[in-house]
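Letters A, B, C and D mark the chains as written, and numbering starts fresh at 1 in each.
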Amino acid sequence: MALDRFFRRRRPQQQAGSDMPDLWTQCPACKESVYNRDLEASLWVCPKCSHHLRLEAGRRVEVLLDEGSFVQLSGRVHPTDPLNFQDTEAYVDRLSRAQKKTGRPDAILTGTGSILGLPVTLAVMDFAFSGGSMGSVVGEEISRAAEHAAEIGTPFVLVAASGGARMQESALSLMQMAKTTVALESLTARGLPYVSILTDPTTGGVTASFATIADVIMAEPGALIGFAGPRVIQQTIRQSLPEGFQRAEFLLEHGMIDDVVDRRNHRNFLAGLLGVLTRRAPDAPPAEQPAPPSAEAPA
Amino acid sequence: MALDRFFRRRRPQQQAGSDMPDLWTQCPACKESVYNRDLEASLWVCPKCSHHLRLEAGRRVEVLLDEGSFVQLSGRVHPTDPLNFQDTEAYVDRLSRAQKKTGRPDAILTGTGSILGLPVTLAVMDFAFSGGSMGSVVGEEISRAAEHAAEIGTPFVLVAASGGARMQESALSLMQMAKTTVALESLTARGLPYVSILTDPTTGGVTASFATIADVIMAEPGALIGFAGPRVIQQTIRQSLPEGFQRAEFLLEHGMIDDVVDRRNHRNFLAGLLGVLTRRAPDAPPAEQPAPPSAEAPA
Amino acid sequence: MTTPSTDLKATLKKLEARVHDLEVTARETGQNLDSTIHTLRAEVERLRTAPANGVMTRWERVQLARAPGRPTAHDYTERLVTDFTELHGDRNFADDHALIGGPGRWQGRPVMLLMQQKGRDTKSRVRRRFGMSNPEGYRKAMRLMDLADKFGLPVVCLIDTPGAYPGIEAEERGQAWAIAESIQRMVRLKVPAVCAVIGEGGSGGALAIGVGNRVLIQENAWYSVISPESCAAILWRDSAQAPKAAEALKLTAPDLLELGIVEEVIPEPVGGAHLDLDAAAAALGEVVSRHLDELSLLNEQELKAQRAARFRALGAFTES
Amino acid sequence: MTTPSTDLKATLKKLEARVHDLEVTARETGQNLDSTIHTLRAEVERLRTAPANGVMTRWERVQLARAPGRPTAHDYTERLVTDFTELHGDRNFADDHALIGGPGRWQGRPVMLLMQQKGRDTKSRVRRRFGMSNPEGYRKAMRLMDLADKFGLPVVCLIDTPGAYPGIEAEERGQAWAIAESIQRMVRLKVPAVCAVIGEGGSGGALAIGVGNRVLIQENAWYSVISPESCAAILWRDSAQAPKAAEALKLTAPDLLELGIVEEVIPEPVGGAHLDLDAAAAALGEVVSRHLDELSLLNEQELKAQRAARFRALGAFTES
């Protein structure tokens, strides 16, 4: 199994599994067709309706980090099949399919880099790999990345995108919730900030562990975030769910996240926040990104 | 100004300000007349309807502590009139009236004693003194009692009964909320438990400070407990308040207190709880008190 | 101390004797004990024909763990814990009845008890949401862990939940957050923590109070990332395939021991804990007490380090 | 750095110049600035005839502290704080808009900012409940204090509230508990805390974020255990006696300095902070920064001890 492919910056790639031609992409929200060049320029936020398209892990790295700053950490840890799990398909077969599709050993990409000059360690979940499900490898790589951040003294930024724990590793998957929590303690011990970014969708055991014990929790607009999935809840209560339920904006209102931040503002938001939390001198270089629709002035 | 009068145990006293004859008392809840002897035997809980009558501080001590174990600490600290406060009556005149009525310098009685053999330091607010309002003396005596408990290594038990902070000392009263909180830290530093018992009524700055940062919060059945008084809330929202609002049972349901405990069970409850929290050997002597109506078996 | 009966014949004999006693009591006192007697007789019959424990399928164990007659946490604590004071509420929003706790003495040892409660009759089951707590349950648990740390009381957790409650209000009030924070709170405990799964160990809702220095499981309890039904619904698109899912998930006590997820399997009387509650309680009490005693030799730092190392090591992967 | 204007004539001159500028702008751009101009003109008139600050009654100061034109916390932080990131929510129930906060740089110094916000127009005033927060506001404050402790950021609190919100839901969700816990949380802070009352310091709702190593107050702000109206309603049985109550409560900045409740009175421009916002902000910024710099010399233990001793000493009594 190869390490992650070198990620080519600013070269639009066809979304894996997409049947759209290379040139343009249909926005899943407003259904408008948008040139990939335009989409890339707006960081895969629909220029028509501001819908935040899901990002493959490599693209996310590109959106967040200073160009050329990424040094990959993950890639050496590979999944096994501890339970010899077999449903309608063998787990090992599911794994190799996902590995071929994404070019990664599992649903996680980690490394170091910088955001507007500020060094960070970054972990990005890859929803394209088996729905970003968390098994032993995801847990181990996130744990190692957090420990690495503590070791080299950088803040830790994690981008969550996951349907939850990976059933095919049963209780071992469940235990990753505790394991990652343990690893994140190394940052606390060093007084280093941990920021999570919840993207569409983040549910189940990921929401109920490392993703929500961050010092600061950001979320992308419209992202579905919750513990139980909407279908499970609907089955339990046998009534329809309220409008906007479990969306980022709903969670903000209910006090669960620190802010809903437009993707085009993530770098500025993180640089400003982490600069203060690490008590760095206020010498941040000027922003270089396209500005999002400006937030309402506080009143 | 005299120190508190020696409290005569098991001798029914006429409630100060009451116009009932010595022999019997009318229950304010069910309006039945109850012989004082019976009332005393049931610890001033109405034998007909279980209404918990308000207790003068001395009586509260008698209800809680082992007979003859009380050694008073409070009494030397006397109120002054720092603001030269004058409303329809001068503060100094209000004070001397309350002092004459209760025989105490202010709305607080503290001391040491034991509960079923377990040594404790106790502070009891006296609602009969100016509605148990908290001024500098109440704050100081509670602070000293908490610090005394820390010094001699006993748990601290506080019985709250107060309309809130004392207006006539303005910001100085307000500061007692912070002062008592500071003093209670001495118990935390020594790993000693602090239990508060909220009785009817406990509102305002008392609820919003020392009374609710106890390790364990007990409340008497039916006690009115809140921050804002019901009238203030009604004025704000211009709608009637829900049934049972701000009563002990309501607060239990809303997760604010640890339990509603019948007065006749306070000693047993405290002895059992404090015995475990202080990791004492389980050698508590048998209960000696009239048993309350037994609680439903857990299911 | 009673030891769990491991002999089918002895269990049957005991059961038959109890049926006989009940019949005598009913006759002599005029009480109507028919339903109890009927249940016990059915159990005797089931045992006479059932396979020995060793050959029970995983799905059969799941059913045993869920049976309405399965002892609840209260059944054990009534037998093992003295001076228990239930402390209520999260001091934020509500008192949750599915996850309860307070200080008490576990076979004489001062501890902070946390337990999931399914209820023992229809009314209490509804009140306790069948052991599925809302966020307030976990927030109460954290508050009690604060007290445990403050007063140096070891934490004992009895786990028995199908999972955290999947409701609208639970989501609104941060079910995921409460679970995540409770896991973190346990990681940070300065005191020993011993956790025992005594029925169902359903996913994050169980793990929230499952981050112990020791994790134990009763012989017929299960512990998994997902219930067999939900797993079957997703992977087989048919929840009726739950028995297959149960097999695949390897969620029984012996499986978990093999995977290194639990330290010890606590034996149950033959046929299940419900057949001899006293014996089941005695076994639970003894094993938990033994681990508490072992852990009492460690200091704060050692306890935190041991717990962290235990969970940090869990997972199966290869490295290139 | 601008210093506050202490000269009435200079203030009047500035105001008149601003009126003139606005008139020019209105004429040249066609904007309708009538109401702003009108307000400023009225202010000029009031100042011309008003007594000097020294002889203002306490009730007049209360009214000044509450005036709709009084600068809000945002007016100051916009001028004094850079890199501010507002962090939302208590991670329990809701995000409160009356008490907000987050990390930022106070005149360049990294701090954790907590501030009560009344809003600047009708819509935002309603949304911010006129600065009266629900329990969630205090719970958010505690969460931010946790972050401040973790990252070694001094806490700066700007206090401006008539009091905590007295509503049914606030009571249901433990308003008193939230305030009490917030006070305790501040007592336990390992970092410096500087609090400034910039408008109304209403009772426990203000004290909840007022337990600082230094407590400061602007010249025309008030701080009291109860509002003059409520005090009058109780003691005089007539809230119209509020002016009398204000006198009796001794709630103005000079009173509080005399009582030892605040360390310093922050000067305002003649006539009030609203008449020269830049000067008012400069004065606030400078005084807070000075105290932050002083406190930066103390270590954790010294900071906690100083704060504890400061509040432990407050009170007036005699001893026999």
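What we mean here is this: a residue touches a chain if its C-beta (ideal position, glycine included) is under 8 Å from a C-beta of that chain, and two chains touch if they have at least 3 such contacts.
Remember, it's a predicted structure, so these values are computed and weren't measured experimentally.
**Q** In contact with subunit A and with subunit B at once: which chains are those? Just list them.
**A** For subunit A paired with subunit B, the chains in contact with each are C, D, in label order.
**Q** Quick one: subunit C and subunit D, Cα centre-to-centre, how many Å?
**A** Distance between chain centres, rounded to whole Å: 52 Å.
**Q** With chain centres defined as C-alpha means, what is the inter-centre distance between subunit A and subunit C in Å?
**A** About 34 Å separates the centre of subunit A from that of subunit C.
**Q** In whole angstrom, how far does the Cα centroid of subunit B sit from the Cα centroid of subunit C?
**A** 40
**Q** If I count partner chains per residue in subunit D, which residues reach a count of at least 2?
**A** In subunit D, 91-93, 173-174, 177, 181 touch at least two other chains.
**Q** Going by the contact rule already set, what residues in subunit A reach two or more other chains?
**A** In subunit A, the residues touching two or more other chains are 254-256.
**Q** Line, ring, star, complete or other: which describes how these chains touch one another?
**A** Shape = other; not a path, cycle, star or full graph.
**Q** Please list, in label order, each pair of chains that touches.
**A** Per the contact definition above, the touching pairs are A-C, A-D, B-C, B-D, C-D.
**Q** Per the contact definition, I'd like the list of subunit C residues that touch subunit B in the complex.
**A** 74, 82-83, 85-96, 103-105, 108, 110, 117, 119-121, 123-124, 136, 140, 147, 150-153
**Q** Which bits of subunit B are touching subunit C when the two form their complex?
**A** Touching subunit C from subunit B are residues 188, 191, 193, 215-216, 252-259, 269, 272-273, 275-279, 282, 284, 298-299.
**Q** Which positions of subunit A touch subunit C when the two form their complex?
**A** It is residues 1, 76-80, 82-83, 85-88, 136-137, 139-140, 143, 165-167, 169-179, 181-185, 204-205, 207-213, 226-228, 232-233, 236-237, 241-242, 245-246, 254-256 of subunit A that touch subunit C.
**Q** Contact residues on subunit D for subunit B in the complex?
**A** 164-168, 170-177, 179-181, 183-184, 187-188, 203-204, 207-208, 210-211, 223-226, 230-231, 234-236, 244-245, 248-251, 256, 259, 261, 308, 311-312, 314-320
**Q** Touching subunit D in the complex: which residues of subunit C?
**A** 91-93, 139, 173-174, 177, 181
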